[in-house]
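By letter and in written order, the chains are A, B, C and D; residue numbering begins at 1 in each of them.
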Amino acid sequence: MTSEAHPRLNPVRGAAALLAVPALVLVIGHFLPTYPLRVLDMILLYAVLGLGLNIVVGYAGLLDLGFVAFYAIGAYSWALLASGQFDIHLPFALVLFIGAGLAGLAGILLGIPVLRLRGDYLAIVTLGFGEIIRVLMNNLDGLTNGPQGIARIDEATLFGWTLATPLDFLYLLVGLLAVAFLFVWRIQESALGTALAAVREDQDAARGCGIDTTRVKLVAFGTSAMIGGACGVIFAAMQRFVSPESFTFWESLVIVLVIVVGGLGNPFGALLGATLLILVPELLRAWADYRLLLYGMALVLVILARPRGLIARDYGPSWLMRRLGGG
Amino acid sequence: MLRFDHVTKQFGALKAVDDVSFEVKPGIITAVIGPNGAGKSTLVNMAAGSYSVSSGRILVGEVELQKLPKHRIAHAGLSRTYQNIRLFDGMSVLKNLEVALVPSGIAPLVADTFGLTGRAAAEARREKCHAVLAKLGLAAYAQRNAGSLAYGQQKLVELARAVVCEPRVLLLDEPAAGLNHGETEQLKQHILALRAPGLAMVLIEHDMKLIMAISDTIVVMNRGRVLAQGTAADIRANTEVQEAYLGQPGAIRDIEAAARGRRNRVRLREGEGLTWHQP
Amino acid sequence: MGSLILQQTINALTVGSIYALIALGYTMVYGVLRLINFAHSELFTAGAFIGLGLAGALGVAGHPLGGVAVGLVTFVAVGLIGVSVEIVAYRPLRGTSRLAPMLSALGMAVVIQNAVMLIAGRRPLIYPSFLPNGVVELFGAIVTYKQITIFTVAVVLMVGLELFVNRTTLGVRIRAVAENAETASLVGINPNMAISLIFFIGPGLGAVAGILYSSFYGVASFTMGFVIGMKAFTAAILGGIGSIPGAVLGGFLLGIIETFGTAWMPVLTGGLVGTEYRDIFAFSVLVLILLFRPAGLLGEHVSEETMVYKSDF
Amino acid sequence: MKLKTILLAALAATALAGAARADILIGTAGPTSNAEALFGTTWQNGMELAVRQANAAGGVQGQKLVLLREDDGGDPKQGTLIAQKFCDNKDILAVIANFNSGVTIPSSDVYNRCGLPQVTNSSNPKVTKAGYKNLFRPIANDLSQGAAPAEYALGTLKAKKAAIVHDKAAFGQGVAEVFRDTFTKGGGTVTSFSGITPTDVDFSALLTTLRTEKPDVIYFGGVMPAVGLFVKQARELGITATFFAADSAFTPDFIAAAGPAAEGAVVSFQAPPYDSSAALKTFAADYKAAFGEEPGPYSAYGFVEATIVIDAMKKAPALSRAALVDAIAKSDFDSIVGHVAFTPAGELQKPFIFLYAVKGNGFSLVK
């Protein structure tokens, strides 16, 4: 009976499946011209962002419309701690943790007052928070250099390996994506995931079952913010320039769209959604003027056809593992 | 075990529950009956923390429930079912039950997420859920989505979810509402089977046959106040109760009929299950 | 000092009138469907451009009376667009999840904005004012006829809407559906009909706001909807989303908060917080209101006890 | 109907891409969507005009030129993606990109890595700080653009007090800060230095405060349409100070938007008046013939930037990226706006700034 609920994986197949895909992506990366490679980098970055936001939106059912704030905090961490701005030059690995940590902290600090709000109100407050952070980045000239942004950020070096080319970042991002993927999958399968799902399905009943919903939501918020922060650090390292215009409300929406189009609460959904939302606008470049119009139409059509996303919640990694393990 | 001590709930000008005091003892089934609007559900919702308490105390053992946040009430040993089913529709039946067993506190949660507590603890929780499902005849549905089950089965899943965490007090809010005869019969058997020395069960129900068949003591409420309490026979004899149910002659007939049938089967020991607090 | 305060109040009421008119569209849709209609701000923009096109076609640009005609026709035209948007992009999603229609609304916002861009061009268009010219001095403050007209039109429309919703059969039906769509349909009210009506009136009012706005500022650009939409939405929340008087109050209040915040915050904080924080005032107010009075100022206070919905999205 | 249009556009785009392979390609990226769509589009139209004229004159070494126009949306992320796309396309020999400083800075890293000559229109002084040899800026940077009006206000207008407003965007704040510093250094007093948001349309609150400061001049660091609205609303509130604005306001739109309020406003621009020289007059007429509208605020710059690239192609010993970098660095000719020659840092040797005042329906040169 339990084997049905929680299949024992065939470890060889499981490991093969887990390693094969990232390895394949890396191999492909070596043969790609640089432009598609950069696009691939962006897809992976947004996939990780999607995985992070999914914890809050997909698992816990809380709409966060200000996710870009955490991304911005991460990006500015690297920009401030590894540039000539204050002449601080910390190592990349350390800032990755600082950025993620600061973002997580911001998530928790924001979460404490707002997480008792429900649904739409939470969405609106997070939206307001996202905008406030962006306006602060734009206005605190002494700290962030305001609208001019911070240029000439250090090249990232990870244990002697300098991240310079898009291919370098592909390695980093594939690694990060793998870690994030395993992490969110683990959350989904663990007691925390169960608690988050209960919060999503029926908050009151969840509390009736003894779930401290506020605290569980806080954990989700903080974790997701941390992932957003880590992505921000990497984004700043890739661009070597940050300015407030990279962190508009539109970015938050794109990340929400990544998971909603791909499939809420499904890690595969974030991967598919990121692929579509980054790739489609690039492919539509040929249409120039009609690009955004078509993009908007495609969005509406996808949502009308599959309101719960392209990949249903149930067909996640656990399902795949069952298929592989049982097959 | 569960004690209401001068409990009042005020909704604006309306006193939905007005200075109610009684105690529910472990090991038996206590029914709370009364016409619509009598305050039964309000009472349950206050005990479960869904409503705040305007004044008075609700105690499980020495713990004052009205001071606790809602989720701590569950930790204090009180669990409930809902009048309108409130299952986690999008989750499997098994997961629905696992929710009730999620460890509390951040540290255990984080430890569990990273697999630090090992598989054993999670396995043990899962086994427990399976055991309860088996007991309630739901084993076959463990992997089904709760929302996809038939109404009667959903009611049972809710019951399973309420008992899997081994509560000391179990509040059943109209468990038989909407069930057909066969399902009600099945439910009756399950409730009786759940009777245990350490468990105080409170049953709110409109189905008088079911009440008379399984409850050991009865509290009658009307207009927010306790009108009468006692065995089925006491209740039947109470003129105030008859007045309250005037216009519902069928109900009073049910009470009488059921009480007659029951007297022969169960002998209720005096003084057990119901204690009076005179205002 | 007195005239300064008066001047700022007049400024605030002008901006507030426009916020309030747009906020009505958000609040009505939200009240019935619990949907944040992101496309609303773009319909506001579309209204300004359609009005401009009409005025050009009819040759009435710049005439106040012509403005009334243009306003009426634009109201209907944009109202019909609003109704179609609902039928095409929101109705099929009703009952799926709360997230899907909202994102569909976002998609529609992108579509409408770019359609306006492709049709009307990227260049901000100089807008012929439909408002009368002239100035009166009032205790040292300068009040333009334009400001007076905007305020009057807005107040007339808002009072009209309030009367419509409370005094007419159609209005009562809308309220019934807003209260509870299921019960309303039991007593024979077609919820779709009421919802269509809301998607006619809301965008229609938004379109009029678009014309007033562009007439007042003298320019219309295809991107102008987004920010003003956010502000108007804030106003709707501030007043209590779902409440019509709330949206009006919220609009005026937000106008006042922004104006006085912008004017005095730099003085009060010794220049630390400057005028560039204008948008933050709006959003901070939004956040604070939601934290301490989630139902808004005039919204019905919904305690957790009486909320009977399961999942949020 | 709409579908048909889209399909036609798609076909056209495909046809263009197909034909382009044999030709010399010049890439350009700027914001042709979002808030700055007007600037980006008319700027690119200016280049398009230069390319068409060059083709009509026989192209370069017998080959036709094709301008590949991309939309970066003013978004740094898209800017770098486009940069890489251009880098990867070996047929692209030069790019004119980007319009926004915030996009140019990260993109210039990418262009530098593939040695693609980049001519930029973004005026922030930081843009050229990286010292990239392949990056050229044939326009005055914010330093010159902010300083000239301040000197004029102090010297010619004898202004004592200035209020400064900027739109809190990279360009607007940049020039406003230069104006402030120059004005203060020259002995003037700055009564206030306020930021607004670029999307603002209502300045009444700020203006009511400014009115009490009674400044002699008000400098507005920002772009259209905000600058037009600002001037108009200021006059409506009875503010009589002389206005100063940056080059974005050098367009008939500004006069139309502000109406009579624009009269006397001083605008800096990097070209002599359109009607001052035959070349500029021709440009304006040609532009109107080609695109059916008046040139945008940055059309002339786009035209000049494309001309620089085309001129370099004609003079370069070989048609390669590296050869073009050298050839552009050696640019030495008179464009429609003035003489083009670069410093080793890629800046214009003699940045030209002209000040105009609004007179009636036109601009007249004041300095």
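Assume contacts are C-beta pairs under 8 Å (C-beta built on N, C-alpha and C of every residue); 3 or more make two chains touch, one makes a residue touch a chain.
The structure presented is a predicted model; accordingly, all values stated were derived computationally and were not measured.
Centroid distances from chain C, each centroid being the mean of CA atoms, peak for B. By number of C-beta pairs in contact, A-B leads over the other of A-D and A-B. Remark: the per-chain Cα centre closest to the mean position of all protein Cα atoms belongs to A.
Look at where the CA atoms of chain B average out and do the same for chain D: the two points lie 74 Å apart. For the pair chain A and chain D, the distance between mean C-alpha positions equals 36 Å. Once the centre of each chain is set as its mean CA position, chain B and chain C turn out to be 49 Å apart. If each chain is reduced to the centroid of its CA atoms, chain A and chain B end up 43 Å from each other.
Looking at chain A, one finds that residues 135, 138-139, 200-202, 204-205, 289-290, 292 touch two or more other chains.
Counting only residues that touch two or more partner chains, chain D has 32-33, 168, 195, 197.
Across the assembly, chain C contributes residues 114, 274, 276, 279, 310 that each touch 2 or more other chains. Interface of chain D with chain C (complex): residues 32-35, 37-38, 41-42, 168, 192, 194-197, 199-202, 204-206, 208-209, 212, 224-225, 228-229, 232, 236-238, 253, 256-257, 259, 293, 296. Across the interface of their complex, chain D is touched by residues 33-35, 37-39, 42, 135, 138-139, 146-149, 151-152, 166, 235, 238-241, 243, 245-246, 282, 285-292, 294 of chain A. Taken in their complex, chain C has these residues touching chain D: 4, 7-8, 11-12, 14-15, 114, 117, 122-124, 126, 135, 142, 144, 213, 217-219, 221-224, 226-228, 258-260, 262-263, 266, 274-276, 278-279.
Put simply, chain A touches chain B in their complex at residues 1-2, 4-6, 186-187, 190-195, 197-198, 200-202, 204-213, 215-216, 219, 313. By the touch rule above, chain C contacts chain A in their complex via residues 30, 34, 36, 88-89, 92-93, 96-100, 103-104, 106-111, 113-115, 118, 230, 233-234, 237, 241, 274, 276-277, 279-280, 283-284, 286-287, 290-291, 294, 307, 310-313.
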